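So that you can tell them apart, the chains are marked A, B, C and D in the order they are listed, and the count of residues begins at 1 in each.
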Amino acid sequence: MVFDDINSFFDMGGYGLYVWLSFGSSALCLLVLWLDSFFSKRRLITHVLHEQIRQGRIKAAAEQSATAQQKTHGETI
Amino acid sequence: MSVISVANLSVVKRDRLLFENLNFAVEQGSLLYVKGQNGAGKTSMLRVLAGLIEADAGEVYFTLQNIKDCREHYHQHLVYFGHKLGINSSLSAVENLQYWCQQHEVVISVDTIFYTLAQLNLVGLEDIPVANLSAGQQRRVALARFWFKHNAKLWILDEPFTALDTQGIELITKQITTFLSGGGAVVMTSHQALCIDYPTDELTLEYRI
Amino acid sequence: MTALMAILKRDLALAYRQRAELMQPMLFFVLVISLFPLAVGPEPKTLQLIGPGVIWVAAILSSLLGLERLFRDDFQDGSLEQLMLSSTSLPAAALVKVLAHWLTSILPLIVLSPLLALFLHLSEPMYWALLKTLLLGTPLLSLIGAIAVGLTVGLNRGGVLLALLLLPVFIPLLIFATSAVGSASMQLQYHAQLAIIGAMFLFSLALAPFAIAYALRVSQT
Amino acid sequence: MWKWLHPYAKTERTYHLCQRLLPWFSLLGLAVIILATVWGLAFAPTDYQQSEAYRIIYVHVPSAVLSKSLYSAMAIAAFIGLVWQVKTSFMAMIALAPIGATVTFVSLITGAAWGKPMWGTWWEWDARLTSQLILLFLFLGVISLYKAFEDKQQAGKAAGVMAIVGVINLPIIHYSVQWWNTLHQGATLMKLGKPSMPPEMLWPLLLSILGWALVSGAIFLLRMQNEILQRDIRRPWVVALANKSLALNKGK
């Protein structure tokens, strides 16, 4: 270990601000990129599930109106 | 008492005289059907009636008040449906209608919007961007506003039936007849033969070169 | 009042949905400004000299890019018509739309300005003067720009015409803003210039909404 | 040769390939990058000239190197897509673009942070930093062009053409900026050069480059899956996948 104690490690020979700024920002950017990709994958999967529910609703409404038509058609005969 | 009346109205568009000295009045509970060839000025006349554009001469009165003086009051009781549907394609149908209702001070709950859209058989298409809907479905979303603005006294419809299937046309005509029997006034144009079983007065605009 | 809030909420939601399109004026702003060091040379002295002028001209040009979007979509899909036929007063609605546009298109430019002050080696006092002039001046850009956009919204090739109409009107703003930053660079007071920009802004704030409303009525065919 | 490529044109197989590779890339990448950072930060010797500030090299150089290789990878994917009409390579291209843009952005921040102790200003129009900035604009150009299109097929092709135009211009930009920079040599006090490094400094650098590459690879695999899911959102295998993952979550 080049530094004898923790504070001098953080101090980085006086350049602490710049070193930790660069390491911190790169870690942050990679993290944000990873999270964005991860959550957009989850969003896509939930979107597919919502799509299923929506199709279900459309089919149900279509059947319902079809049966309603048969009923009215049945009465008129 | 006439809901909307017009005194020697004339409109010139791109220095072509569309019509001049037009006089008519629409009473409560009556339907005015404006007929004429393409280019006869039907749309311009309706836009002048709605107050969107200024006429070159003549006045338009809403309940005997000039619409220039009582613009706000007039627009509170008017619903207009033109060639442009008035819905944003990146918003969903529900968002569009909510925005329209807030504009026109119509207090409405989301379920009524969903219920009305279901009546216009748009089930399942309420919350996706309107761009994904077909032309006919988009038109129905736009026409849903006639189910919301209850305090309207006057409806102005510019060819509401284009791109609608028979079932859609049936729905709209039923709604128009209920509105008329409830004491509203309707001014409309249409290409299809008008199949509304309701006493209608007709106004024909000649085509002038 | 709820109707005006509804317009603001809708425009901000729309802007969020089309944020890719919103990024473009910002990219243009940074790109134009980073061209100048390549053209003029990287010496901090010259860059500091031309800095304020470059940033202000780039700000005006990028806001012109963003202005087109103000009424274009609403005009084309008919929402503008429905807005004009609602009982909300058109000048107030126009003001709210301009505010929404300023928040979504021009505020990001101001947020970027520290980075660009860095690019052009502006000193600390110069940067604060630049920020103040931007905060006071850019609403003026939006308000007057909205009038011209209202007039050209009906034309389908309004882009260049818009610049032609607006650039002469923005000249006084440009003069006072750059002179404010210039005198800040010499550690002089620049309250006079700020006051003039503020006066121009308040003047346009009072009158522009009515002009915008009239422009929108005129462009209805 | 194309026999091998073609099955992977079938998106589902590519998706599952990415799924298999993802854990390897992400875990290995994380381990290597942490190891390299700790090694570079704590154990590499102090530089006689810049004392500790030089440690920024363990972040700046990997991101700079990676940004250029990601751009060329993107251009290669675009080239394959345009020439052999392989749909998945357009997806790979657009999956790479945001990673490249982020990595270039990181190289700019770290370059500026390193420039401050050395040149006294946060931003210096040094040749390398300037060409990195232009590279960032190229990336953002490709991304915004892709986003401007409604239809993703069209968007892929258009962005592909721009990626290739960009990669052809990269060397031209690089040398013209070098020439421009030497023209105004007075500006930079000291070159941001890679000092000839003793091995104990060099090893952590190579390791961190490997770490960065692996992490970018992992993010690329993930974004590639997103693009595939986005493209096949209606296809039955995606629906089955979604239901399976739903059942998995419910089971947990």
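Keep this in mind: a residue touches a chain if its C-beta (ideal position, glycine included) is under 8 Å from a C-beta of that chain, and two chains touch if they have at least 3 such contacts.
Please read these numbers as outputs of a predicted model, since none were measured by experiment.
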Pair of chains whose C-beta contact count is the highest in the structure: A-D
Rounded Å distance between chain A and chain C, as computed from the means of their C-alpha atoms: 33
Approximate Å spacing (C-alpha centroids) for the pair chain A, chain B: 42
Averaged-CA centre spacing for the pair chain C and chain B, given as whole angstrom: 37
CA centroid of chain B to CA centroid of chain D, Å: 55
Residues within chain C bordering two or more other chains: none
Topology of the chain contact graph, where touching chains are joined (line, ring, star, complete, other): ring
Every chain pair in contact, whichever chains are involved: A-B, A-D, B-C, C-D
Of chain B, residues touching chain A in the complex: 118, 121, 123-125, 128
Touching residues (chain side chain C, partner chain D) in the complex: 20-21, 23-24, 27, 31, 34, 37-38, 41-44, 118-119, 121
Residues of chain A touching chain B in the complex: 54-55, 57-58, 60-61, 65
Sites on chain C touched by chain B in the complex: 2-3, 6-7, 10, 13-14, 17-18, 73-74, 76-79, 81-89, 217, 220-221
Chain D residues within the chain A interface of the complex: 37, 41-46, 50-53, 55-56, 59-60, 63, 98-99, 102-103, 105-106, 109-110, 113-114, 116-117, 215, 218-219, 222-223, 225-226, 229-230, 233, 238-239, 241-243, 245-246
